[in-house]
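Would you mind keeping the following structure in view while I ask a few things?
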């Protein structure tokens, strides 16, 4: 079984509700709990790189993610990321990486809400990362997209091929 | 986007609680709800073939599943199935099918229980079915197994390669 | 704040799913977790007397519950109990106790199922036990019933006054 | 069975997550769903008066709530309300109403989050409103408080008697 690295960067996935202020915030990642819930028996190493809303993701943040992907020994990497700028981070990784399979995924609804799509997406991401050839991909809505052909449709709240004719 | 067929056969996935008798039983499948929850945007056709505990699965039942896999136009098929005899059904399909990618999956905990692994497994199955070459596979615990090299470890409640040395 | 005793006897409330056998069974009580979830700030003492389906409740079991109600220092007692014979236990307590407020409650759906009525019922029982005069009551479906005027309607799965004209 | 009126005013109880903007907002009330989940069999009439965060509650809003409490035929009334200014609304009702039992309740965590205290609180409020004498009360944390002796402890996130010596 080939080892898989999971890098956590925050995003809706991990938003929690602060009952004293009534606001959403980031506490600890739910990833370990979700892997346990899914009875995941893969050889995964989880590391938190940052805990931010992807609207706050900077060039330096993306460079950090790229560096960690380059430096880690694993050739299969899943990254949890906010959906708003997931395609931008995917582009930075797509241009800077070779020889590794990287899958970015996220959620539209926080995991703490019962109706989260996060557990489903995590399942797809961990499956795609095992089977897709080297490259950088986004896994959302049950589908996977190459980093240079994906965009978030903000009206519908789904991901789609940037070039709908190609897909 | 290539169309995917989902065949439902029952299993723990779809067990519900009968509040009048206090027993578990099968009502309607939770699959459509789960696909919606996961915001799945794939081209899927869902069909219920039977609604049984896999300990009740007979040779005739397996033959029926094989026939439907052969007859349906889709070349990518996910089958939800009880875990107890999933490997047996996989073997019947593995010997009888060629040229299609078939992924069997299930759950250890009913979906209606909050702690279900079903949503995660469904995510992995739908991802594997899109990316694996033709063949028959079992998708459980985040992993996939070829039909001729899988068994349920009943003490641990997980799936593993039948030949642990090979994997 | 007057102290409240909670006696646990099992029932649907506390049924869990055994993923290795596929059957429902009793593990630890969910009461402490439910009280925490409800952010309950009452002075409660929780004690497990037994962990059984109420169809297995015997005369000796009911005598034990009565003895514990008589012996404990608290004058306000909540008892979690299976719904099938809740009215029988209530009758034993109603005839044997004086000067204490006792409220029996339960659930139609196990707490581990997301759709449990247990948390709601627990809330009503803890409120009724603080405000009702001494006597033995059943709290189900948002209502309370005196021990000598309650029955479970097995077709509808709800509790009602035994003498519908009186209520 | 005496009829009960439920007035909805919003509050954390009914906050939902807007997946397109990532913000919390008010959609429809979860009250009907919660009553169904609790298998509530009381004679209740639910009416939405407003859908606001209680920090936005104005004098005019409180006057409206008071008017509706005075005007409705029911003598037993539950009001769902944000926790931040619940004590202020309770005071307005306490001074303006006589002869009716009114119980305000709310939640620290939105109902859509699995860990909500709302279902528990709703259970206590519906029980207290049936058994407490006329007056205006706050029901939180399993307890009830008279309108002129309650405050939200903002550090702990719980309700307590304003005069801790009296209680």
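Lettered A, B, C and D in written order, each chain numbered from 1.
The rule is short, and it goes like this: contacts are C-beta pairs under 8 Å (C-beta built on N, C-alpha and C of every residue); 3 or more make two chains touch, one makes a residue touch a chain.
The structure presented is a predicted model; accordingly, all values stated were derived computationally and were not measured.
**Q** What chains do chain A and chain D have as common neighbours?
**A** none
**Q** Between copies chain B and chain C, are the contact residues mostly the same numbers or mostly different, with half as the line?
**A** same
**Q** Measuring centre to centre, with centres taken as mean CA positions, what chain is farthest from chain B?
**A** D
**Q** Taking the mean of the C-alpha atoms as each chain's centre, how many Å separate chain A from chain B?
**A** Taking the average C-alpha coordinate of chain A and of chain B, the gap between them is 26 Å.
**Q** So the centre of each chain is just the mean of its C-alpha atoms; given that, what is the distance between chain B and chain C in Å?
**A** 39
**Q** Could you put a whole-Å number on the gap between the CA centroids of chain B and chain D?
**A** Comparing mean C-alpha positions, chain D is 45 Å from chain B.
**Q** Can you pull out the residues of chain B that are in contact with at least two other chains?
**A** Within chain B, residues 108, 114-115, 157 contact more than one other chain.
**Q** Every touching chain pair, please?
**A** So, checking each combination of chains, I get A-B, A-D, B-C, C-D as the touching pairs.
**Q** Which stretch or stretches of chain A touch chain D in the complex?
**A** 12, 15, 17, 19-20, 22, 24, 53, 84, 108-110, 112-115, 154-155, 157
**Q** In the complex, go through chain A and note every residue touching chain B.
**A** It is residues 1, 34-35, 37-42, 108, 114-117, 119-128, 130-132, 139-144, 157-159, 167 of chain A that touch chain B.
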